[in-house]
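One structure, pasted below without further comment.
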Amino acid sequence: MTLKVGVIGTGMIGQDHIRRLTHVVSGAQVVAVADAEQAVAEKVAANLPGARVHTTGAEVVADPDVDAVIVCSWGPTHEEYVVASVDAGKPVFCEKPLATTTDACLRIIEAEGRAGRRLVQVGFMRRYDADYRALKQVVDSGAVGAPLIFHSGHRNPSVPAHYTKDMAIVDTAVHDFDVSRWLLGEELAAIRVIAAKPNSQGVDLQDPLLMIIETTSGVLVNVETSVNIRYGYDIRGEVVGESGTAALAERGPVVLRSAGSVGVAVPQDWRERFIAAYDVELQEWIDEVSAGADPTGPSSWDGYAAQVVCDAGLAALYGGERVEIRLVDKPALYT
Amino acid sequence: MTLKVGVIGTGMIGQDHIRRLTHVVSGAQVVAVADAEQAVAEKVAANLPGARVHTTGAEVVADPDVDAVIVCSWGPTHEEYVVASVDAGKPVFCEKPLATTTDACLRIIEAEGRAGRRLVQVGFMRRYDADYRALKQVVDSGAVGAPLIFHSGHRNPSVPAHYTKDMAIVDTAVHDFDVSRWLLGEELAAIRVIAAKPNSQGVDLQDPLLMIIETTSGVLVNVETSVNIRYGYDIRGEVVGESGTAALAERGPVVLRSAGSVGVAVPQDWRERFIAAYDVELQEWIDEVSAGADPTGPSSWDGYAAQVVCDAGLAALYGGERVEIRLVDKPALYT
Amino acid sequence: MTLKVGVIGTGMIGQDHIRRLTHVVSGAQVVAVADAEQAVAEKVAANLPGARVHTTGAEVVADPDVDAVIVCSWGPTHEEYVVASVDAGKPVFCEKPLATTTDACLRIIEAEGRAGRRLVQVGFMRRYDADYRALKQVVDSGAVGAPLIFHSGHRNPSVPAHYTKDMAIVDTAVHDFDVSRWLLGEELAAIRVIAAKPNSQGVDLQDPLLMIIETTSGVLVNVETSVNIRYGYDIRGEVVGESGTAALAERGPVVLRSAGSVGVAVPQDWRERFIAAYDVELQEWIDEVSAGADPTGPSSWDGYAAQVVCDAGLAALYGGERVEIRLVDKPALYT
Amino acid sequence: MTLKVGVIGTGMIGQDHIRRLTHVVSGAQVVAVADAEQAVAEKVAANLPGARVHTTGAEVVADPDVDAVIVCSWGPTHEEYVVASVDAGKPVFCEKPLATTTDACLRIIEAEGRAGRRLVQVGFMRRYDADYRALKQVVDSGAVGAPLIFHSGHRNPSVPAHYTKDMAIVDTAVHDFDVSRWLLGEELAAIRVIAAKPNSQGVDLQDPLLMIIETTSGVLVNVETSVNIRYGYDIRGEVVGESGTAALAERGPVVLRSAGSVGVAVPQDWRERFIAAYDVELQEWIDEVSAGADPTGPSSWDGYAAQVVCDAGLAALYGGERVEIRLVDKPALYT
């Protein structure tokens, strides 16, 4: 069965997902698109035989030929399209963030509550990365004992001019927050954010940052964000357990011996690092949704929890020494 | 455009390719199958909506609904189905070996000569492995200077009971032969095969073996086959150039610190090691063939050349000190 | 010229230094010993041709045949012997801690002030470890840009029964404190200590700990102590700079491929890890002191500063969120 | 007890050993020197309080104050000084080669036979390298099963102008020969030498070379010599056993992440790589000889055997396809 997908938002990420649905993964077809810039949507659709162009995202959701929706539009519009999809009983994959406020996230959760089932998946693609999955498997196997500390390093060679101080939390560290929750299987309870001497390439950014996050059971998550570190896009992670540690390995496929050193390449950007994770993420979503099952990937709850941690992180960044992370009670749907 | 594929041979490998065409890669559909065991073909087809079961491979080739053919049947039958496909003007992907004798390989080459175009691709999947491709890219970049030696290690934890002495050459080292030709971009010219003290787990196999192969320009290929080495399925490769070396890196995604050591896992079998290469191999073949282009993967010539090296390798194993590898003149189609 | 050394304290560490002076390093001879347990001193001296046994450390210092003194006695006695050596104008190597209170450290500093020269060296042996020295060399070379964060991991497989909660700071992390000061070339200014969920093997120890230390210029030192981690004695260190990072490498000399994994051994205890550093430490001290030069190794100031950081660390462990580290003005002798 | 040593030959290597005896290792004193260039010997002695300068090596050996002799003179003179030392009953450490012909080596063996004890040690310092020792320990532990193949890589960044084709065997690979015999605990029985396409930086050298050597039990030693490989001085070694492999690890102490790659430094020359091995080699020799024991390091037999392998290697290089290595019967003294 081919899953007929409607894509709302045909900018860079939307186009990449359309390419993936059309040329990479199996079992899906893009049948409808819409974009705030109608011309862009039409240009994209021109290469998609049989795809309709709608003038609004709401029309994409309502299109009876659309089985499932992918939302790649501007963050502030996510809530509307996701809730509409849920209310229409259509599975919806929403790129991160789920919504731009915790209240909006809670309204999506309420919509799913009304529907009585999970219909939403949020695009936290790291959970689909082969290396993170192998890390989780090793940790879950008990090979290092119960986790006590998780060191998570998030390094970018540089950031664009529009990158603001807050984005180190809400755009960068949010991935570390989500992956920590998933890897450790519990919620985050408090956060400290401490700025190091600033990197001269981004002085007003408060970069790098160290964050110490406590989970509900007391595991410490130790996040380093360094977003101007030039040498590469390098995602590090080490779980320190009671009897050992498990860490993400180097990824370079070739050991080069040259000019006095021996080493491997570091990825140059997030695309190179996580491209395969996006493929797996969409393939698994298509497989589950096509089979009529609820998605098992990152849920609305995960999107909400990440948002709350970001808010606490910003409060800590702006002066709280240790800021507690307070979540509403978790609906049974997500347990 | 969906490529309509007929699969001849629905045993283990055939079924795996069918799974791949149906659930993993994009742009193909299995429309016809056949197998020496008709019941097996029927069972496989039962899960493929709209797929026909033919009683012979020839019928699969002749089926007007079949755009392209995949041959996964028993080696001795390859020649017949491949030649039939070529004569029918249909692209054909043939699992290795291309054929079981050099004469049979040459007859396939003649068929392509008659067709005046490349229609055949042979299943040397290592060329599609991400790590080997990265290795070739580094070597081709000149980062280590002109290649002078290629160390290739082929290690299996164990081999099945039916594995014979010859298979170390024709089943195992044949991959090293093909990958050497591809990596270095030239033909192999002579081979020595020297047996080490035998592994006690396979005494009558003459295992491990060292092979020293000379290319036409004088590069040395140094192959180690160790097919009873227990610890894992480990494919090693290092190109020694004029100014440095480039080698396949370790693949384990998780660095585990436990019980006095720090390390990564080694793959346990060829499937784990090369599963992704098979996916890429088929996806690229589908993409090229669907677009009406001739395939650019391993050709009939590559299948033939590998066969000639295997014959020379066997002669060297059975007593020749240094056996020359003599190829016919290479038809222009393959240059 | 052979340096004639008197050793005060002939317990485990004292005996090890005597073995080193006698059989490993060049240019020194042990001529006098003393120990609180006279019988132990006599037993040790029996293997040292020509060595005298004194009844007190003071007599060792006063012995006219003694050129230089090594203090390996119980911590609370350090001040007395070190000050006596300084007052006698004799170079003195004192095992850590320099003294057990900051006041005592300051009295030693005052003694050196009276002497008008540096005569004291403290046994912070990590500064003599080949790997740490290579790390400092790389950092100082500018290869990673200005340091912004230093991750320091201190992992012990287990600790003895008498190990108390405080010792994670004053016995374990003190090495990280000293090495941070040395590596970064500046003082530490504030410290946070955060306990993780406790390791089940040492629940009342508050183990592991994370510490975040700020240097005067704002570099963050991120210390992890895990003293019950079973898998090995593992000292980690990574300096994150503006454009790259430099880290201590794995030390295992043999890559073992066995039973599904590939890896190297981790040291099993501090002795295995730092034995060579002790040799270099003493050899360099002997060379400098024999040549009539003041020692250039860790000074009284370094011993004092480490003590102050320990005190702040304990205050933070016992409830201060962020505790400032306040040093007296640094005498010119140490700049 | 201080061992009184006479050094014959005060060129580069002799001076380095004198420095080592005087400033690095424990328990020895240089009391006499001689050199073909008397002026050099006198200059060297000027820094050695109490050392006598003799006009000939024979006088050094005969000097009653000399307990033991170190021979660092020109290769062709080794036999004379070593035999004289043996006949005088004095332990003698001889830099490699033991002698320049197998006949000369045999005459030294005969001298030891007359003496009825081992007095000679040959300077194969690799046996004292910490990494090689760890490798041997792992192999001897059975961790990889019985050894079947030993891959030995010997890479130099460049060679001096006077380096000839033969030196790849007698100066370079001779170390691989010795270390193979020591590591595997058996003699080498036959050798093939195969030249690769020449490195453009040393075309007339036949560089690189591959050698396949068979031991008496059938283990294969696979030597690669690449003496113009620019990138560094890189000594590789991997023992392939029945159930795993053990290899020399990378040595760089610092992992540098910079400019798109992560890696460690490779040594730049043999001095950097083996400096510590020389220290250990001499210290152990001094300890054994001072204690009145016969040396347990590389013996005259080892020096002889290496010479025979070199001769066979040259014969193979100059055209023998497979050249047998034939040793005289091994005297009981060396078993």
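First chain written, first letter: the chains are A, B, C and D, and each begins at residue 1.
By our rule, a residue touches a chain if its C-beta (ideal position, glycine included) is under 8 Å from a C-beta of that chain, and two chains touch if they have at least 3 such contacts.
Computed from a prediction, not measured in an experiment: that's the story for all the values here.
Novice: Work out the mean Cα position per chain and let me know which chain is farthest from chain C.
Specialist: Comparing chain centres, B lies farthest from chain C.
Novice: Can you check which chain pair, B-C or A-C, has more C-beta pairs in contact?
Specialist: The greater number of contacts lies at A-C.
Novice: I'd like the Å distance between the centres of chain A and chain C, where a centre is the mean of that chain's Cα atoms.
Specialist: Measuring from centre to centre gives 45 Å for this pair.
Novice: Just the number, please: Cα centre separation of chain C and chain D in whole Å.
Specialist: So the centre of chain C lies 38 Å away from the centre of chain D.
Novice: From the mean C-alpha coordinate of chain B to that of chain C, what's the distance rounded to whole Å?
Specialist: So the centre of chain B lies 58 Å away from the centre of chain C.
Novice: When you check chain D against every other chain, which residues touch at least two of them?
Specialist: In chain D, 230-231, 243-245, 250, 252, 256-259, 264 touch at least two other chains.
Novice: Would you tell me which residues of chain A are touching chain D in their complex?
Specialist: Touching chain D: residues 230-232, 234, 250, 252, 256-266, 268 of chain A.
Novice: Per the contact definition, I'd like the list of chain D residues that touch chain B in the complex.
Specialist: So the residues of chain D touching chain B come out as 145-146, 148-149, 151, 192, 194, 196-201, 208, 210, 212, 214, 217-220, 222, 224, 226, 228-231, 240, 242-245, 321-322.
Novice: So in the complex, which bits of chain A are touching chain B?
Specialist: Going by the criterion above, the answer is residues 22-27, 130-131, 134-135, 138, 143-144, 238, 243-250, 252-259, 264, 283, 287.
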